[in-house]
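Pasting the structures here.
Two complexes are shown next, each including chain A; its partner changes from chain B in the first to chain C in the second.
Coming up: the complex of A and B.
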């Protein structure tokens, strides 16, 4: 009986989730099909050129990020050396910081190097920043896959052939799905990112959608372009759909993993220097540039930045907190429904939302919630929180799902035998057992929500002040030094949040470690 | 004649001493059963001989040649001419049965790869499984593939770490007898660790008993079984 009730609850919540989060996109697609005036499905040549150039840019980013990320993944997950865990943690930071912060820093750097020339607004800036912020994704995914390879698979190779050949013929083929998946994810993220090309003033498909929507009020054109972009990213992810849906992707706190690690003996100096260079380029240099540019302006800029961000910081934290809470709850439910009741719809829907470009998601939400019946959503920050949930719940779903896989069903069954109900199954067993995964999910979601710009800029109700929005809107007219100062303040706030969370996360992880 | 000589080996992991100044000899062309309680260092000893672990002190010689010396692998595992069957079998999931067995020969660019693999498949009665992937095989078939893979390069030493641990008794005996037959034909040195003491002792020539990181007794099966060592008597006849 308890199982039946649990199953019914799962079906009802699944349907509700699909409606609240997924229906806007379905409606957008449906209306596009119904209202199309043009019989041809092919876009015009100008648009084709834009798709082509955007794809070229993203492919370049994906290739470089995959090479750098896989190399780092191999180094940090298969090789032991002093300092490697610290390097790893430092290199993950760009992933947690909003892309626009790096965009502002590198734009300033190129401005300092080349002056007011066109090079600042070239695609090179976008490529540099995208590689910096996206290669940690590859590092984490391939690293996670490498740590799940059992040591004996590698040793069986080493007994027969050299280590180099074992890596090339055994290890790399075993993680080929992860490499392909990382490549595709970076390709999609780069293709669908709005903030970096927007800050660099580079015309890409996403910025074009935003321009059509916000500047020209050409909604039909914006929707048409959104559908094309959505189809491109969905068809790309279809290549790895089965793997993405089933694999852990990001395995946090993997139990029972016994991957082989090697001591770094040869080329120690060279490898450490290369990593140091990477850290300088990805973290130290951008931060230095931001500080330098901020100090180059008047001291009043600091006060101005603090005053104008005062309200935005509090509001950003509040909305990010609500967003993270919702995301954790959604992911807890969807992963449980998928693993224990075999209900796959919510998980598939989250994946669909995850690969949907942020601007497209924004348009879909406006289209769906901008009605008299749903005005309470559209005219309030609820729409922003829903946008956060739609964008990031898939990552959370994967993290919690991986944690749940490590809890044997027998633990719940033994609870069932002593007569606990569905509510107690969650509160007395699952939540305490899943605490490390839940905390990780909440903290990561909080940071991601705090940095989100692409969807927020489309849906934010009038009067809403958030940190990324504030910097973006001011960057068009304010002096460079003021934009840099505001970005620096944002960076400090985010880094402080990461540090606090890291501290608490570690304590909670230790407290709830049951092995 | 001694095939493998282990001298004064010490090895510790995560602060725990696993092997403590261990001496051991393994006669050429014989089958040695390594016995001992759980956690006594049996698997570690096998891995050290294969070159998969590095000892903190001591040395290992194969055919009189120094292969490992304190903290240093002098000859890498793939140059020691040995085969290793892992407890979890370690069949590569992305390779078919044929490819799993052929891998070593292909790496050595052996022109007779196909013939040799087909002959091995036939010898083990798994020719019809050649195109299958490991996950499509039964436990016994997987075991046979792992053994065939370790024998394809004609090793002079075959190391088996719990090779039949997940099989039923009948299949255990069948596989061990098959292995013994091949060993008798090819005369390679065989070292194994098995949880089934009776099976291990019945089919070996020499026995080595390890306890708490040290060798309690080693020698011919008959001599070890006759010993007055209280631990061995309790352990083996338990």
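Coming up: the complex of A and C.
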């Protein structure tokens, strides 16, 4: 009886979620279908070629980022050596800088070093910048999966064969799902990014969609092309659906098991030099150029940047905080409903929203929420928070889903048998056990929300000031020194926020005696 | 405790989000925030009307504001659309999004810079100029007109912004209108043959000139003035200024009232304010825009419409041509 009620509640919440987050997109697609003039939906050969070349570019990015990220993940999560934890934290920084700012900084760094940057205006420029931005995602995903491998499996391997064979035959096969997932996520991120290829003048399928929006104001065509992009992304994911459905994204915590760490004995110098090179290329170059440019102005722009961002910092934090809370709550529900009640629709909807281009999502939300009945949503920052949830809940869904998989169902069932009510089972049993996953989800979502621009710029209520909006809208004609200083202030503020959340996260972890 | 805190937070989000005063005006603006925001703030402090702006960004090629206006057509949120050139206003007019409004202040603006049906009114203009690096090329070696860009000795040493976006599209559309399709297409082909560099934006053209990557490039006066503030190595000239030449393209800012907007009266007040000598003087000072109202105070060194030969443009026709040539421009770009 209780289960039936729970199931009904799950269906109701699923329907509500589908209505709030997914219905705008469905309505937009419906409008597109009824307004279509062309009976054929098949892209012409030119477009097919463009899809092919964009896929090739993104696959190259995904392959390189997966190799670099998995190697880093292996080093930082499986090898003990001085400095590795610091390297790990430093190499996460590219995730905090927007791809566009990164592209500009990298180009300027090249100019400063070599006196020219023509070579970066090419496919290779896009590949390099995308790899730098996206490899930390792979590092985090595979690294976390590596840290959840039970030590006995590796020890057994090392006893009977060499370390190299243990890695190739035991460790890598155990994390193959995470590798596949990271590869796909990077591929989709790269495929759907507009800012870097547009900046480097490289034509991709996504820049083509934006051209339809920005130059031709041709919604029908833009949406049609977005649907093709959606189909491509979805089919890529569906091909690997069983990996996505079953693979861990982040294996947070060991839940009783412990992972083996190896000492770094051979090739210390070589490995440290390689990591140092990676840090120089990915962090030092761009951050140095931002500092250099911020100091190159006729006067210090630091105060000006702070004053300019003053109003935006608080609001950005507040909205990102609310966004992260909502995303965590949505993901908690969808993963629970999927694993415990076998309701898969919300998860599928989140995947669909995740691969939708941000401009299309923005337009869908305008159509749906810009009515007199829903003005309280559209005329307020609630629409921004919904946009955040639509864009990033899928990643959160996977993180929490994996955490949930590690909690045996028997624990909940025993609680139920001894008469603990549903609310207490959630708050006293499930949530404490899921705390590490929830904290990580919250932190990652917070960072993503804080930097989100694509959908926000389409829907933000007039007069709202947010950090990424402010940096971008001001960058058009402000002195380079001011833009660079604002980007640095942005970065420092995000880092500070993460440190604060990290501190509270640790306290929560201690409070629940997780270790 | 945790539950109460969470409920309080949700309540706070809902109540803080909805705050908005009735005495307000919503303006969507494609003009660089760094120049437009101070003017809007001045209006707010002078009238007490809260200005709620939406600005656009170069990164997304100004998709935000235009696509918002189009998507919001059935339930407009914007009162005044302030565009950096009249093309967007003309597109909006053609889609029935703007309303006619003949502001009192409009009388001061020459008829040439206004829509005949009052759907948009121009003020403070920018012009297309040639920005160059003084260290790399002397002034007398520069091209005198757009046709000179096809000269062999400039091959691969100059840039224009992506011709599918912004004022570059407008300039090319004006050339198609002035020269006719054949001549304009031939000129574009010769540009391509002369290895013109396609920059991502006018700002990018400015930056490449400042760093010395290129000798010169086409951009707008406000970009050129900003470059001169940042670097002593940069200067600019107006092209096609000989008596028999076509003249340089002049692009006024353009204002439109949005049909069925929620705060029309305040929108009209804002329009009156923006179409004043005071605003034109401010824009002349902050970003070297050329006033259209005679007798506006202009700082020294700021170009004036009286001292340049402008291209004679029919903005409506140019906007129409612009939409017609865009598929061709796209092909040209992809070749």
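The rule is simple: the second predicted complex is superposed on the first by the 371 of 515 C-alpha atoms of A that agree within 3 Å, B and C clash if a C-alpha of one lies under 4 Å from a C-alpha of the other, contacts with A are read in each partner's own complex, and residues count from 1 in each chain.
We take it that contacts are C-beta pairs under 8 Å (C-beta built on N, C-alpha and C of every residue); 3 or more make two chains touch, one makes a residue touch a chain.
Just so it is clear, the model here is predicted, and its values are computed rather than measured.
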Greater chain A contact set [chain C / chain B]: C
First, second, both or neither for A:162, with chain B first and chain C second: first
Touched partner set for A:44, first chain B, second chain C, both or neither: neither
Chain B versus chain C as contact partner of A:211, first or second or both or neither: second
Which superposed partner A:173 touches (first chain B, second chain C, both, neither): first
Partner chain(s) touched by A:479 [first = chain B, second = chain C, both, neither]: second
First (chain B), second (chain C), both or neither touched by A:453: second
First, second, both or neither for A:153, with chain B first and chain C second: first
Interface residues of chain A shared between complexes with chain B and chain C: none
Complex interface listing, chain B residues touching chain A: 50, 52, 76-78, 82-84, 86-94, 103-104, 107, 149-150, 153
Contact set on chain A toward chain C in their complex: 100, 111, 116-118, 194-195, 198-201, 203, 210-211, 213-217, 219, 297, 322, 325, 359, 362-363, 366-367, 370-372, 376, 378-382, 385, 453-454, 457-463, 469, 472-480
For the chain A and chain B complex, residues of the former touching the latter: 150, 152-153, 155-163, 165, 169-170, 173-174
Contact footprint of chain A on chain C as seen in their complex: 9, 13-14, 17-18, 20, 26-28, 32-35, 50-64, 66-68, 70-72, 74-75, 77-78, 91, 162, 164-165, 169, 198-201, 203, 207, 211, 213, 222-223, 226, 229-230, 287, 326, 330, 334
